[in-house]
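The structure that follows is given in the form of structure tokens.
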């Protein structure tokens, strides 16, 4: 009897501990975001967004970096999306059980775990050097596209898997070919899931710093890229650059930049979660 | 990559010293007000890194915190690159410690050498090894990375051979690493450009250096009159002749640089040359332009 | 005609899938070619045993150990923090919390993983380090402790989310069997569910380790950039990733030894994460078979 | 050679009466033998029911006739399946074409998550037919055939998922009919439906057999008795008994059949 | 107050004969009412069977007696459930203690993925009992009680998952018996088993009722007839009829009951 009471107390204690742990991360993050808001929010105004970099912290803005990030996002999407979705379709709908499918499977799972900086080294050697793209937006986009490719593939496969088998049966039974079934039924039906995965992958890309540093994104670029071959900077690099400066004013800028970057990431995640919820209902 | 060069003439590509970077950045920023059409990009690869690109013809202008070296010259020659060296400012190297450090006020060049020479690596690790009166604590060293001219200059001035140094210190191109490192560490010691110290005088304490003639603190005065020896030096920019030839904006930019440097330098914490010296630089440049610009 | 179209499409899709193989081959080739060049100048024995890493200085040493110890130390701190916390979270969410809470808290936690790592670096440097310094007097401005802890926060969701999935996948019949015997939730969780979900939990931990080892910006910003062979969490260290960033920030001249050092460091990192990923893949495969 | 010739002649003569034919068919899923040496002929314009306990291979066997098992991992077949005397498993058979000829309806109604109209028009559209008029005509016809027209005519653009289960199943049948198959395979088409919808569909089957050869899998003996002309009883992958439904349900030859239809197992 | 007293006295007197008691019990899953106002008393040392069509609430009702529904989302109960006259849903009831008293066996055998020994010893171990000798004794006893001892005695460290389905189910019963409950709830304990294993377990139930009060849910009328002393027929959440099994199966009072047991629906 006593023993059972003790067990119950332990149980209660663990419950409290569990709540504590669950909230720990989130509360720390909230505190941090709070302190960043305090540091940086008053720094954010239209000028901060549209100003070019400056040696004077109070004049410096994030325009170049913001546009660099936008360019990177767009190009990365254009490169990674078709390949990633096509690969996922192949693996999920076409590949037969066997050595090749197995190899692809292991390979993709491994790629997903390769540290991002390694992709930077790959991009440096292949895109920057061998293909001679230089430290351009395009080289950066290719590098990040490879980086998010496994994520796009995995999430697209999940989305395709979620389409009930009965839909495939129905389509094949009506005489549809494989591609007709894929393009007319499976892709539309899984679009919500694919979209979710892609947005999440892109939100990862928008926060990546290390691989772009490795391929040589610049510190001072006082103009927004106007072509894929232009040099560029992105938000996280701009933030990193400001963190690296010893003057306090730049620390404020970094905080303000972080607010913008977090806003973008959280927005993307929010949109993704929204689509996921909307889409999941479809099959339930 | 050198794609930039082919893209037309409205861009100026600069790379090199992180010490000179704030000066050039300031100039570039002001220049934008004069000619907003020109895209000026400035990399921070350190003086050595900058010269490598410059020697390959990838940049129009190279920032340098020391003169070009023979081997770097040779590469430039190999690639048929003709260039001009211009002095633009003076800088002093500041040796800094944590504000809580109450035992060092002045350090001799001998002591610095003992601390930084290659042989110190793994051997000289505690404060009291340099001066028995100093605490028996591990010393944490911070300094610029090997690609920087500051590093070359410091090693040359202190150790006696450029680039010769111990390797077991926090070597970073990222100046905040150095500032944060020393300001967050009671037993830290570091060196970097005077300009950076001035921006952080609240977090760091400067140490006077005894070059053989007594302890001297670096200041605008002691740097420009040369009494802060051996840790003061001139800063340079190098201009590529073909850029001068092909891109009139480069000429505009350099002229603007030499005109505006005296007024802007104070902003960024460096010491200007004398008026006479600036005049000489301008004349040199005018002659260089004359030589390379095709007659219209 | 239609057959042909179908074939062409299939081949196109296949070649997209093969791109992933090309990426892997590319990574391995690039790393090993440059590393090969590196090892033709530096003996592999030195690389593995020399206790100093000073490739950029005149007295050159090429011992990877200091970078490795920095990497392992920060990762260890992160894991030591994130595993107990993450596991507790997963148990709490899957066994204790109401369903509705689970639905909101999981995406919220996953947000922790979505925060760009630069931001975490800033957090470690400007908030955590000064905070820790207030009661650890000897703590340097750059240290593996605060970088590791913040990295831990970042990887918590990897562990909590994947472990929670694994716990969730344990058939309800086992859960009921346990409760039916009079177990408390705690006993049920630790004696039955965690062992039953162990493979999934192990996978999550391995993935988290791999993540920590490969993490770059947090350590580059907050752990310092000084390669030293130490397991003291209060002093500056340098990780493999931070070294690569440090060199990249300067100019890396192709063909120079310093250019090659980042690939030699890179391949070391790659081998570690590759092994971890492979192990986790194998466990996951077994695990999947178990419940299907 | 002459042996083959002879067979062909026989096949031709069968053709009129026997629409479908299985010859020495074995099916394996990896190592598991799901169908064991079945020979069977199925008559044109009749309803043939497959019955048998769960897992006996009814679905597997049914799906051989439109090659729906082809995509199943580990599936392997031996023997011959012929439709109108043509071996549908020989090389170069156009599977898509075959499936147009052999419509199929599944256990769970599985409309596409699209509009009612799109569902019915799908089979035609994938054949490349774009003529709006023609499509509309076929859609209306098919919906009328399954007696769904009156219920949905005002709202053809409504999502098919908004229909009730019984309506969905009739929609699925309409969808199959729209491409004008000659054979209709139905795998437990009413098992997910309420009695009313079931009755409607049974009625429909009765009408459809005028134009189609229908094979239906069912668990419900009463249903088999009501709708089918012939019934085949399967057990553990074997065809145990195959006869006129009346005969089989009232006076089965085999003990196993009797045990099953009297509910002694299954 | 005096009203309460009186009830208590009555409860006490019931205690001997009636082990379990439900009073005005309603159960809701969110808005769905799964149990509708059930009053019922269950006799000690007898076997009581719950029968009824799928979804009628048998499991829900059974699981009220060891509060296994507590963890189900949206579950809500009204009314009283008493064991030996004690309300088990009142505040401060120790649920873990309760469950030790009320053992449960589930439809699908659900041994822990541990050794046979660990499975049986589990309930004792979580009470904090560490005495090796005692544990071993109880394990052997329990395994003998379910007639599994002879089959596994050589290999108590083998994983329980390596046993056959029937053996697993007996193991689960042994596991429940090891903590010495006085009541045994069984939710379709044989529905996943082959006839031979089923027979063994029925036999076991017969023996166990000497010592335990047993409530068993079953779909199999024959089984209910064979093993139970009393049978309760549920329909749509209501208790339709509850009587001696002999009576209920041969001469039910209610038409619904008769329809069900003669197989006219369900």
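Should a chain be cited, it is by its letter among A, B, C, D and E, assigned in written order, with residues numbered from 1 in that chain.
Going forward, a residue touches a chain if its C-beta (ideal position, glycine included) is under 8 Å from a C-beta of that chain, and two chains touch if they have at least 3 such contacts.
Everything quoted here is computed from the prediction, not taken from an experiment.
Q: From subunit C, how many touching-chain steps at minimum until you land on subunit D?
A: 2
Q: Listed by label, which chains are in contact with subunit A and with subunit E?
A: Neighbours common to subunit A and subunit E are C.
Q: Return the chains shared as contacts by subunit A and subunit B, ordered by label.
A: Touching subunit A and subunit B alike, sorted by label: C.
Q: Based on the averaged CA atom positions, which chain is farthest from subunit C?
A: Of all chains, D has its centre farthest from that of subunit C.
Q: Comparing centres built from CA atoms, which chain ends up most distant from subunit A?
A: With centres defined by C-alpha atoms, farthest from subunit A sits E.
Q: Looking at C-E and B-C, which one has the bigger number of contacting C-beta pairs?
A: Most contacts of the two pairs: B-C.
Q: For subunit B and subunit E, let me know how many angstrom lie between their CA-based centres, rounded off.
A: 84
Q: CA centre of subunit A versus CA centre of subunit D: separation in Å?
A: Centres of subunit A and subunit D (C-alpha means) sit 47 Å apart.
Q: Just curious, how far off is subunit C from subunit A if you go by their C-alpha centres, in Å?
A: Measuring from centre to centre gives 17 Å for this pair.
Q: Just the number, please: Cα centre separation of subunit D and subunit E in whole Å.
A: Chain centroid spacing, subunit D to subunit E, equals 44 Å.
Q: Among the residues of subunit A, which ones contact at least 2 other chains?
A: 7-8, 177, 243
Q: If I count partner chains per residue in subunit D, which residues reach a count of at least 2?
A: Residues 96 of subunit D touch two or more partner chains.
Q: Among the residues of subunit C, pick out those that touch two or more other chains and give their numbers.
A: Touching at least two other chains: 2, 125, 184, 187, 249.
Q: Considering every pair of chains, which are in touch?
A: Those chain pairs satisfying the definition are A-B, A-C, A-D, A-E, B-C, C-E.
Q: Mind pulling up the subunit C residues that touch subunit A in the complex?
A: Checking each residue of subunit C against subunit A gives 2, 5-6, 9-10, 12-14, 16-21, 23-24, 26-27, 30-31, 34, 84-86, 88-89, 91-93, 96-97, 105, 107-112, 114-119, 121-123, 125-127, 153, 156-157, 184-187, 189, 207, 210-211, 213-217, 220-221, 241, 244-245, 248-249, 252, 254, 262-263, 266, 269-270, 273-274, 276-278, 280-281, 284.
Q: Could you list, by residue number, the parts of subunit A that touch subunit D in their complex?
A: 96-97, 164, 166-177, 180, 184-185, 188-189, 282
Q: Which of the residues in subunit E end up touching subunit C in this complex?
A: My answer: residues 66, 68, 71, 73, 96-100, 103-104, 106, 108, 110-114, 122-123, 126-127, 172, 175-176, 179.
Q: Spell out the residues on subunit E that touch subunit A in their complex, using ranges where they run on.
A: Contacts found on subunit E: 94, 96-97, 126-128.
Q: Help me check something: in the complex, which residues belonging to subunit B touch subunit A?
A: Per the stated touch rule, the residues are 1-4, 7, 21-22, 25-26, 28-29, 32, 39-44, 174-177, 179-180, 196, 199-200, 267-268.
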